[in-house]
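Chain nomenclature is as follows: A, B, C, D, E and F, assigned in order of appearance, with residue numbering initiated at 1 for each chain independently.
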Amino acid sequence: MRPSERTPNQIRPVTFTRQYTMHAEGSVLVEFGNTKVLCTASVEAGVPRFMKGQGKGWVTAEYGMLPRSTHTRNNREAARGKQGGRTMEIQRLIARALRAAVDLKALGENTITIDCDVIQADGGTRTASISGACVALVDALTYMRAKGMINTNPLQHMIAAISVGIFNGEPITDLEYIEDSQAETDMNVILTETGKIIEVQGTAEGEPFSFDELEQMLSLAKHSIREIIDIQKQALA
Amino acid sequence: MRPSERTPNQIRPVTFTRQYTMHAEGSVLVEFGNTKVLCTASVEAGVPRFMKGQGKGWVTAEYGMLPRSTHTRNNREAARGKQGGRTMEIQRLIARALRAAVDLKALGENTITIDCDVIQADGGTRTASISGACVALVDALTYMRAKGMINTNPLQHMIAAISVGIFNGEPITDLEYIEDSQAETDMNVILTETGKIIEVQGTAEGEPFSFDELEQMLSLAKHSIREIIDIQKQALA
Amino acid sequence: MRPSERTPNQIRPVTFTRQYTMHAEGSVLVEFGNTKVLCTASVEAGVPRFMKGQGKGWVTAEYGMLPRSTHTRNNREAARGKQGGRTMEIQRLIARALRAAVDLKALGENTITIDCDVIQADGGTRTASISGACVALVDALTYMRAKGMINTNPLQHMIAAISVGIFNGEPITDLEYIEDSQAETDMNVILTETGKIIEVQGTAEGEPFSFDELEQMLSLAKHSIREIIDIQKQALA
Amino acid sequence: MRPSERTPNQIRPVTFTRQYTMHAEGSVLVEFGNTKVLCTASVEAGVPRFMKGQGKGWVTAEYGMLPRSTHTRNNREAARGKQGGRTMEIQRLIARALRAAVDLKALGENTITIDCDVIQADGGTRTASISGACVALVDALTYMRAKGMINTNPLQHMIAAISVGIFNGEPITDLEYIEDSQAETDMNVILTETGKIIEVQGTAEGEPFSFDELEQMLSLAKHSIREIIDIQKQALA
Amino acid sequence: MRPSERTPNQIRPVTFTRQYTMHAEGSVLVEFGNTKVLCTASVEAGVPRFMKGQGKGWVTAEYGMLPRSTHTRNNREAARGKQGGRTMEIQRLIARALRAAVDLKALGENTITIDCDVIQADGGTRTASISGACVALVDALTYMRAKGMINTNPLQHMIAAISVGIFNGEPITDLEYIEDSQAETDMNVILTETGKIIEVQGTAEGEPFSFDELEQMLSLAKHSIREIIDIQKQALA
Amino acid sequence: MRPSERTPNQIRPVTFTRQYTMHAEGSVLVEFGNTKVLCTASVEAGVPRFMKGQGKGWVTAEYGMLPRSTHTRNNREAARGKQGGRTMEIQRLIARALRAAVDLKALGENTITIDCDVIQADGGTRTASISGACVALVDALTYMRAKGMINTNPLQHMIAAISVGIFNGEPITDLEYIEDSQAETDMNVILTETGKIIEVQGTAEGEPFSFDELEQMLSLAKHSIREIIDIQKQALA
């Protein structure tokens, strides 16, 4: 029995609230149960220096947690004077995943910056971020076409992500904090809408895991991501 | 005529949504029109080193803007590696104001940290922050009494804040961004529920202003803050 | 009775020593009793990037305290690797005040940087800094005219500043450290030579204060600043 | 045909030179072809603050590249004033993997710090680092037993790592820089000597990859890691 | 002929003004011609962590230049967020020299921090700093004896410093900025009152120099330092 | 008797291994006994901004110690977020010395960056660095001529460095760590192949030293450096 009383392959209620704030070209509040992340997409003409003159665009991402999005207060990274390793790792992951969803040539020399700020954390903030960021990205691309900044749709495929794990020896999907903190293995999977792999990251927290368990977790992830992509599409409809 | 089409002494719709997030001991979303700030109060036993052994508590505050809470994206302070001067100035102001509302002795050797994070900015984020933080503080103090951390109520008086200014030669209250950016003078006023002054900060943005204008702005502020304190009290009822 | 044995409206001996150091275009040692601040004005052709192409100049300021300008040694900010919140707040205040004294268009695309370094502190370092910086600024503008960098005088009015407060329930002017550290209320006022307001910042250190007390402090400040502006003018004569 | 002229499942010559430097408790130069990393293990009594009083030890890791270990010179992170995101990500990966190889209880309240410094880079520095660090760790544990710091061997299993990828549509193992920079997919796999998974990280650099390709890459990795663990054991014999 | 019109072995007018500021236990304004440095010595009970429990004291130093102490304005190190290499090098030199003048055992577990802040620079700021710091140190030690913090005089010998160089092929002493910037060789010498060497640092700016030239410069330095030590002693009399 | 059992004027075995790594234009492992430093020279077209348009090149240097190159582990400077004072001092010394060996005009607008990374430390790392860096520099200059980047040889003279000191009252050369840590005086000398002085830095660690002792140490240094330059030349032959 999961602490969340969900079945092993049952995800939490997932919602995407578009136009959540008014300034950003894409602004989505994504909720996976109690995990809530504000994902904004900001469009800017031009690209960073290292990309100049290649006729291609750029997609980047930054991630942060509000200090009291968690059970106990975390120090504010701006006050500490640097982003921690976990933050860096997550924002690199988000950016890489979104770049893999976009044809940078079709984007022209424009930059889209995705900000994922965790309002409330209850496990799975990085995968919720990626799933929400994809919706914000779509809105930003729609804005760009409306403004004549691009002529074709650079989106190659929708992407979504889920965390899966081994809990009490059984594979489960979409771990809440209480499940995550006790899981033996934690795996984040990012897939396209056609079921291909963008990124897989599986880590043994305690005991190493078997190739069998890996396969079971991947299968759960595939199923859950199909559900999430359906919800994304409904939100965008 | 104000760009906002409000009368000179008319504040925007003000709301305080308590228990906005689930982890913090006090969590309030304050809205002044389109300005939205999440104010959380975190309670911790113990005090910072410089306060130890005095039998008194401590109240501190941090302030941040989400990168895309504004018209164009601001760099993330955590990524830049330091908080800017404006941020520092505002969080020092918030903390000072809240300390002036609390009897630190009655708080015992406990610390309350207020985080004010701007979700959406449309002028007056610092005064909205202070007004919302006061409500979050009250909730945190209630939590502490319920937990037996304190025996009496350390709150000496509710406080609230408003920005007032001179726009086209006329004093107006609760400036939106578009008004603020064109105002000749900008003043932030923090008062207690009994109409006494916690802090007054008036700055000539362009032309110096007269003592008469100062008096008119103060009078507007007094009136607006009375309204805000009423709304705070209804929210807390 | 004030600890300083001065009457409530009596300022300390104030002096401005021009050409205190030899390299800066304006260099003034300002003394308010035992508070001594070296204010230098450095002229540079060109403006910072965000001001380029507007045909306007820029005035900025930095503030620092020598580590042992105070009773006990303060850590050196350069060694700590960042400027503290108080320093940031003060240098922003000084810069804002001086910009309000100058017609930036008349300055052309030139930058004046004011450095205020506290040699010895005994209360009122920020208001002494502003009063001294104005004299250094005048000298720098004179230098620029002599060099043909500008054709008209960009100075719109002399400015000066004073700190006033409530001590033992009575309003007093120009607080020394010992008075400042025990005051209930502390207010910094910056006025033009014509008695208009550039900036007012009043803070309740302990008890909130009344609108009456505010008025009394402002009246004291007005009187003291008139005296300081006279001394500035004599120094410049 | 691979640019390296190796067969798809052929790893480069792998060597572990123990006692490469004289001060560290474990010191191993690991070479995967032209990739050369110095891995040192430093033993210290005591644990970091957050681990105190749990009767457990700690294993941590840091990673760095010498500025000219690469084709063109990289800026020195110490001079830039911070470690980049890639560095952080890699050193977190190394530390996590080694902790999964060790019984922290059997380590007692001692800390082992692994430093992996890349002398020469030609692809696969992170997986070479992990493979070399495991050998250095074994030497450090032997030292600790000899000194009486521990009574049992905390090592639960040898671990080793390899990078595999899809190159020209075909899965290959142990990518050199020239292969890595053109690969469609890049995956790092860390296994125990018993063939269980410690960590799997697969990333689509260009095109998303299929579950089939994932399986093929995993199978290559399994085979290569078995070879590397044999070489580790010979080196330790 | 030297640009300064001085003879090769003629130092500039040197003065030490004691009790230059009121808070520090030792406070000396040292002037070597137009070079002016404020040297303060701050006494604190206790020693830094790495010195604890050895029954010895500690002497350390920090150095800074006011931004406009120089011909053109230097960026403020506190604002840049770090001390430059030159600053670090100089403050390490000052501290080392002063520690060599003091019997740290006789100092007890107390710390003296010397701050050397350059008010006006015209060459030789580091050697003026050391010469002035020694006088401030003596005053601080006198204070400590008066307060009963120490029973004997920890000073082993007065020290002073001078810069010498090769200018137009000829050795000269006490270089002003204009001489320094054109010198072929620059050497800083720190001696005790008994003519023994504390530190010698000679650098070829352009052409390497000969052992003969080294000897001539050392001989000039010896002579100049004797003069400076006389002036120090008069100041302390 | 020296702890190293060497005679006072006997240097350790000195070797220079060229082409130690494959990417750098010059790459030399220098060994002075157990002290091992990897010196790489990286060639880049162009010069830093402050050198632009002068028709001259630039030579700069950076220095670092691997965390466990020493007896006990040193914190990694990249992780601490800044280079320490000792590191800064040493890299400034190395750069200055190499620039004194090169005709910057003959170098054209090109930059050579020397990285000296200590693999294993046993005293004299800075002087070994300089001696090794000179060999790497020669290789980089040869590379530049071969590539047609320069037409003449900018090297004016080979340089080498040695540390000498007073140990038990007697002057000795090339101090190992155990000697260095107990020496009364420590002096670093950098000479050209023609025996002229590039830099001399002598520091009294405990007792001040005499002019006689200085002369004896210099004489030892002269002799040792002649030996080292012979070995450099053999390595380059």
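Here is the rule we use: a residue touches a chain if its C-beta (ideal position, glycine included) is under 8 Å from a C-beta of that chain, and two chains touch if they have at least 3 such contacts.
Every value quoted in this text rests on a predicted model; they were computed, and no experiment measured them.
Considering the contact criterion stated above, the chains in touch with subunit D and with subunit E alike are F. The minimum number of touch steps separating subunit B from subunit D is 2. For subunit D, the chain whose average C-alpha position is most distant is C. Subunit A and subunit B have centres, each the mean of its CA atoms, that are 33 Å apart. Centre-to-centre separation between subunit B and subunit C, using Cα means, comes to 27 Å. Averaging Cα coordinates per chain places subunit B and subunit E 50 Å apart.
Across the assembly, subunit E contributes 81-82 as residues in contact with two or more other chains. Around the closed ring of chain contacts, the path that opens at subunit C and continues to subunit E reads C, E, F, D, A, B.
Of all residues in subunit E, those touching subunit F in their complex are 82, 85-86, 88-89, 91-92, 96, 100, 157, 187, 191-192, 194-204, 206-211, 213-214, 218, 222. The touching residues of subunit A, counted against subunit B in their complex, run 21-24, 27, 34, 36, 38, 40, 42, 44, 62, 64, 66-73, 76-79, 81-83, 87, 113, 115, 117, 119-121.
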